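Got some structures for you, see below.
Look at the two complexes coming up: chain A is in both, with chain B in one and chain C in the other.
What follows is the complex of A and B.
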């Protein structure tokens, strides 16, 4: 028993929490861009938090259910329709065989997560069902969903009517603040340029995707002059190849910062000025093009405290849902 | 007057390329399957279909301007 894809949306893909452990071989972790939203969607329908669901960016898919089941939609705010009747987000609801789930226009955020009781049961590759499109790995033949695809479902667990208290969800500020820990090549730009990076407002470029989020609107970086080392390209933003981390910020040509996200490459020849802290990476997965953003400088202590706080918030949701 | 709305956020274009004529001009007939513009996002151009019939009244969203999902792109009478 399964789900039939009637319309795929813009780019809807099967995602779980990813495949850690292969980044050194050039295979990114992948998985949901907003990990907390996928976890909560799974909790709502009684799945393991790492079960595979659907990530749909900017536009929802249209899905026909071939069996009775439970569904929850989290993440971005987008009208949810079951046979044309509205359903609430962050809430599990029953779906009967033959019913059709569809979506209205995106209102806030960028990506919705659709969890179905039992999870999507496509074969795991390197320990994950996540779709890595550039590498044609995972998901359904390593590609986004297409019309007429059939998505197999796993065995449902403890599905029931559950709802997340909206007060437990983080509210995004305007402009969105992304906390940054300066990194390895921070010294390559001048002090004035370092200050400008944090003082100026940036906006999300339309090219932003699962590999990286590009930002524009701020001043070009001003480099500390040096003779380029052997093996580095001639542009001052080039280095002798280095490793990139999830969240690291590269600035090709010193113009537009790119925050590397779930499907990013693991290394290359651009300097990285630092990294967005892990606690704020889910937030990036919900940014629409042209959203205003500020980068905020933090130290390691603040980054670790933010991660702890984020985990505690998720635990509160987990506890609240377990009690229902 | 029915509106054609953007199905997604991105950058709206009136023509298939900078050198081309716009997809529609005021007074042109519109059929549901006609493309009236493109929205660019994530390095992809998505054709916006009219989905209604009538006469093209004009673009509301500017060429190469950012749009949000649900924004009115053009009017048809």
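What follows is the complex of A and C.
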């Protein structure tokens, strides 16, 4: 069982739920930017939720199937075409040998997830098939897909026609709200800057990828004056190089915040002002450049409640699909 | 030194031993990281030691963040009695200073630098009070270095020189980070040297290049067959200057599978080092050269 890549799209990569355990060596967890979308795509085709699928950003690939199988596409809204005939998103559908899956122009969101019954069966690297391009790990030789690649498939499980009730999916607000727990080096900026960070509207900059999302449009930050500590470097935004967390917000030079994502660098010498809460990480993976964003200040209890709510929503989808 | 605890979102706790760099802060961070590891706390998924801080990642569905925080604070008490000493290894890393590849990159990103009229080495030598690039290079490789953190990307080591505070070299990072750095560049930022394990973005000043790979995801390099990442915190490094000919010879040896880095097992004791830096470094060098 295999798939032939006719056109790779812009940057399509093999992703699963990542390789935790090596961040202390600078190898990030990686995996699908929008975890829930990959999980649901896998549920739809009867795979383990952590099976490897394809993550395609902004533009879909063109894939030729060499065997009969089942496919589901989730995540961003993008017309799905099987031999030119439209198919629905968040729905599993059968594909016959020789058929070609392709995509129209992106309408909403940023990343689609394509799950195929049996999952993509490339070799696991440090426990995961996720492609980490910077470290040349996982996927196919650690790189995004290229034309003529052959993707091996695993053994299909319980594939059948299934559909997610779209009412169960979270609706995005305008501007998009990203909830932030202040902390880390939050004390390095003045109270006025702290307030402005949450009051002002930001937009996603073009430099937005699996490593991190950059934002612009807000005011430059003012630092609380201090003599720079030994070893930090002379810029007020410098610190003695420390570890970063997923979702943490660094602001080099105090100008453009960068939220680290799944392929995060594990450390560095820029101060951070807190982190986007875990429940909102998936949402970032669906932001296009120029999207308007507001950062919303929350406390730990709110962050934990949001995390619980996200899990419950996923469980509702899981239960609904198991019943079909 | 005053320990500072803070949450990094709902899945991380960041603990800063001190806001400035010192080996005391490093040893304290590594001792608590080890205590956390040994405590096998349910829900802890990653422990990341850094130069003067460390971070714990946990699953808040398993352990409440406040409980996690309280456990870490308890462990700080236990760990502070740990001896600042470790069994480690000293490794000789050959460096081709002023090589053509980093020089090309230095020139390509001049507009992002503090001093577009010169090179990174000229700038670093001048602001650190050296009268020539040669004497600056000499200071960079004459005394050994301590790997105080591994990270950023793919096993990149941060190195802190084993000399008195007043002899530490300090340079700022580039004004705006570069989008390119040659693989195996020997860089410098703040008080840290580093070796870029892979090609990519970077903000450190560039001094030279090593022919010795330190990250190999294919695990074909002989000394990286067991694990793809070479460095670990606590390693001691001696930079050794080489010429273009030696550089090319080592590259060929690595490819042929015949290159073995020169290294030796050593004990590093911070108190002994602080009491006698010259003597300690001399003994490290003797161990490296098998005397």
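Just so we're on the same page, the second predicted complex is superposed on the first by the 324 of 324 C-alpha atoms of A that agree within 3 Å, B and C clash if a C-alpha of one lies under 4 Å from a C-alpha of the other, contacts with A are read in each partner's own complex, and residues count from 1 in each chain.
The rule is short, and it goes like this: a residue touches a chain if its C-beta (ideal position, glycine included) is under 8 Å from a C-beta of that chain, and two chains touch if they have at least 3 such contacts.
This one's a predicted model, so the numbers in the text were calculated from it and none came from an experiment.
If you stack the two complexes on chain A, which partner ends up touching A:235: first (chain B), second (chain C), both, or neither?
The second partner, chain C, only.
Have a look at where A:268 lands relative to chain B and chain C in the superposition and call it first, second, both or neither.
second
Which chain makes contact with more of the residues of chain A, chain B or else chain C?
The partner with more contacted residues on chain A is C.
Applying the document's definition of touch, where does A:112 land relative to chain B and chain C: first, second, both, or neither?
Neither partner.
Determine, under the contact definition given at the top, whether A:246 touches first (chain B), second (chain C), both, or neither.
In the superposition, A:246 touches chain C alone.
Look at A:290 in the shared chain and tell me whether it touches chain B only, chain C only, both, or neither; answer first, second, both or neither.
So A:290 only meets chain B here.
Kindly classify A:37 by the partners it touches after superposition: chain B alone (first), chain C alone (second), both, or neither?
neither
With the touch criterion stated at the top, can you tell me which chain A residues are shared between the chain B interface and the chain C interface?
Comparing the two interfaces on chain A, one with chain B and one with chain C, no residues are shared.
Tell me, which parts of chain A touch chain B in their complex?
Of all residues in chain A, those touching chain B are 10-11, 57-59, 105-107, 110, 206-209, 288-290.
Enumerate the contact residues on chain C facing chain A in the complex.
6-12, 14, 16, 18-22, 45-55, 57, 60-61, 64-66, 149-156, 158, 160, 165, 168, 170-173, 177, 189-192, 197-198, 200, 203, 215, 217-218, 229
Taking the touch rule as given, give the residues of chain B at its contact with chain A in the complex, in rising order.
So the residues of chain B touching chain A come out as 5-11, 40-44, 46, 66, 68-70.
Any idea which chain A residues touch chain C in the complex?
20-21, 23-27, 125, 134-137, 142, 181, 183-184, 186, 229-235, 238-248, 252, 265-269, 272, 274-278, 300, 303-304, 307, 311
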